[in-house]
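Note that the chains are named A, B and C in the order they appear, and that numbering of residues resets to 1 at the start of each chain.
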Amino acid sequence: MAKTNPGRFFEEYRMGEVIDHAVPRTVSGGERALYHALYPARHALYSSDDFARSVGLPGAPLDDLAAFHLVFGKTVPDVSLNAVANLGYAEGRWLKPVYQGDTLRASSEVIGLKQNSNGKSGVVWVRTRGTNQRGETVLEYCRWVMVRKKDHDAPAPETVLPELKEVLAPEDLVIPEGLDFTNYDFTLAGEPHRWGDYAIGERIDHVDGVTIEEAEHMLATRLWQNTAKVHFDATHREDGKRLIYGGHVISLARALSFNGLANAQMIAGLNGGAHANPCFAGDTVKVWSEVLDCAETPAPGVGALRLRLVAAKGGAPFALKGEDGRYLPEVLLDLDYWALIPR
Amino acid sequence: MAKTNPGRFFEEYRMGEVIDHAVPRTVSGGERALYHALYPARHALYSSDDFARSVGLPGAPLDDLAAFHLVFGKTVPDVSLNAVANLGYAEGRWLKPVYQGDTLRASSEVIGLKQNSNGKSGVVWVRTRGTNQRGETVLEYCRWVMVRKKDHDAPAPETVLPELKEVLAPEDLVIPEGLDFTNYDFTLAGEPHRWGDYAIGERIDHVDGVTIEEAEHMLATRLWQNTAKVHFDATHREDGKRLIYGGHVISLARALSFNGLANAQMIAGLNGGAHANPCFAGDTVKVWSEVLDCAETPAPGVGALRLRLVAAKGGAPFALKGEDGRYLPEVLLDLDYWALIPR
Amino acid sequence: MAKTNPGRFFEEYRMGEVIDHAVPRTVSGGERALYHALYPARHALYSSDDFARSVGLPGAPLDDLAAFHLVFGKTVPDVSLNAVANLGYAEGRWLKPVYQGDTLRASSEVIGLKQNSNGKSGVVWVRTRGTNQRGETVLEYCRWVMVRKKDHDAPAPETVLPELKEVLAPEDLVIPEGLDFTNYDFTLAGEPHRWGDYAIGERIDHVDGVTIEEAEHMLATRLWQNTAKVHFDATHREDGKRLIYGGHVISLARALSFNGLANAQMIAGLNGGAHANPCFAGDTVKVWSEVLDCAETPAPGVGALRLRLVAAKGGAPFALKGEDGRYLPEVLLDLDYWALIPR
């Protein structure tokens, strides 16, 4: 019996099946410090326990995206080891903040299957849930990937296409218990702009840039226990390059968006996202945002902004797609998310 | 209204004004571990809680320079985003050790202003204070920078030159409450040399060297939430180089000085410092020290040494300035500080 | 008196002498997080406090190899600063897990001396012990190194060759108090293979590879406060390369062996190890294991496997030595250890 994990092939997924992912993980101040070393993260609610307490939380949570990466990393050996492409995300929701001392685990339910017409691969949709040591779901998201078949003659499963929301409605968002922005300190947070200062359609060039090093993206990707060979092994691709984990670009982009969106403190929902082009070490990443929507929430002083976050390596700000409707070659990431911001 | 921070220009500073800097930060064992990964730091008082307790402290503090960088980083968006040059430091004092769980914030008072004769820039002096969650000042220092004017026609402010001490007197130094070196363990600390073993004028070649990588200085500079573009964005300078944060060189130099100054445990005062030449990845940094002065302190067993710490990329040890009185091109740092050492 | 540490030369070691090494170190969640960032470490018992508690421990210990490196690092200034070669390890035993908050120190006893026939160097054998703040030995190992003489005319010491076990017997291994694998969760651990599923002589290609960056091995080596110049200073060797600390290769190899040995959770014994060839940044490391022996232990549900762990840069899996009996040039590490695994 072979001892190493061959990953799953398309024909091995069954509709409705729940896969419990391995390697639970306890987080501490170490993960928080590393997040601040790896990304230019400055959102006060995640940087300062005192600031977090001033808005009704027991302390500063682990960055929402760090929690996402931790959960995502656990799914790689079961979901994407034989993936050809990471096709999309939907219905991502952060349900409980993650605090130091929490232990996260993850499971994924197969919610859709569709074999490709070539018979050699298929698309698998999963709904992944991250849970803490009390069994509470801390976040969930849907993701679909194209996965190779091992046996091309294996019969195609019945096609099931999940119904996924294009965009989460404001009422789908879960506000952390106790969150109260009525006494929010804008000076400590770094910018005066509140919910009402942002207009739908407004676009913000976040100005700052970061040139990525191999050591950095590998440290980050390993920290989330993501095992995909292509991020670490320079002999894996024919061109000798190590592909940067898409989540590294997401965290880098989000951190860079602080400059102009310092008060968009918490990520509450992920509507969708595309890794438009691959990112490699040496790329200098700059980002811009567009306000797609805004909404009130029932929590005191808390508003929500739906934001498009775009990361690119070069090119002009606000450029996204060409006349052919396809992403420009310098665009790395097009993310659509809901953030919580003081009203 | 533009949402991103344009930084302040010279004409926007007012004498006596106090700027509260953003993004408070809670530190944990994570920052301590990262400090040990980023620098060859070995001072026992910062490495071991038990050692720190054996000299009267409640536990190992965060490295004094880490506390300095954390405070310094917060000032960058308000003080040095449009700075042309970092001109000097003075009257730096460490007033309270920073412990795990502490949350630091910072504010700066404008204590001097002088427009340059060209009318296009001016010098701003600030006194910066870092405070903890109890409102206690943990450190303070003066710094002056040359800042661009945005509007060259803006009127010059009245010139005010602050009176700053060339050197802190021994009685200006604040000894941490409870510090007692009478039962100091020289074996655990790593060297037998005590206060009386150092002579004024003595120079020490610290021998060891470190070749700096891009990933390392960026991880460090981000950890302190320093946002200056020039450290991270290889497209920012015309030569495509990323300038290394001067504080990275300070911490590296101080850590390398362990070999010969292992017992110069705590930094109590910063008299001045010059970043003589820029540092870039690939530079191999070596350091030497000179004993400038010595003093007793009222704390049991605790003496003070005033030390010059010089970092250079190549060149011979103890070389500092040329015949023209200017720093040699290989000299990176010339720092003047007071350290506490067992008598 | 010169202030810097010149290291010890061969003629300065005395049989039976015990050297107390400097710089005690307190560990926290920071060291754990960094270990996960630096290595693709995924063993559940070290990743999750809850998993560790489910097998009878009070929480997740610091990785056994991190504890080893911490102790090893302390010995460098006293044992290997003037070493020409690191010749071998034997009788390594992990006696107590290291937990967050523990403070480690180290001492080494000289247990063997043999001057080389050329009269210019000699071999020193030491038994090193790492102890915690309660004075309990957490690990011990023997190591021998070839050390230069300073004075070639210094008389040769009496030759003493220590008797060292080729291989630790299963009864030499110390099982952590309370360890109980009877309710071990194989799903959370990541693989179904238990003790009985491994056969003596079985070899496992662990498949994954990592290309090493300069920043990574330096961060790791500094984290363990290892001061050997050759790892950090690119001007130290004539070829301008920084030699990677052998322990970095050990930790990388062990972490990569997760894929196929996910349940070989704890390292209990180190029988021996050879750093067969030097490792440099840019090398892509892959690993394979061979099952050398197996044994039962008195602890409930706990078995032991004796494993050979081989790391290589290129070449075919399972290739180790040439026809001349010497290690192939691509082999980096040949390690022989005992691991604890559920039966």
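Observations
Everything below uses one rule, namely that a residue touches a chain if its C-beta (ideal position, glycine included) is under 8 Å from a C-beta of that chain, and two chains touch if they have at least 3 such contacts.
The shown structure was predicted, so the numbers you read here are calculated from the model rather than taken from an experiment.
Overlaying chain A onto chain C using CA atoms gives a rotation of 120 degrees, to the nearest 5. In the contact between chain B and chain C, the residue numbers used by both copies make up under half of all numbers at that interface. If you average the Cα atoms of chain B and of chain C, the two centres end up 36 Å apart. Residue positions 28-31, 33-34, 100, 213-216, 219 of chain B each touch two or more of the other chains. Contact residues on chain A toward chain B in their complex (touch as defined above): 28-34, 36-42, 44, 47-51, 60, 100, 187-191, 193, 197-198, 204-211, 213-216, 219, 259-262, 284. Per the touch definition, chain A reaches chain C in the complex via residues 1, 3-5, 20, 22-31, 33-34, 77, 100-101, 103, 105, 133, 213-216, 218-220, 222-223, 225, 227, 229, 232-236, 242.
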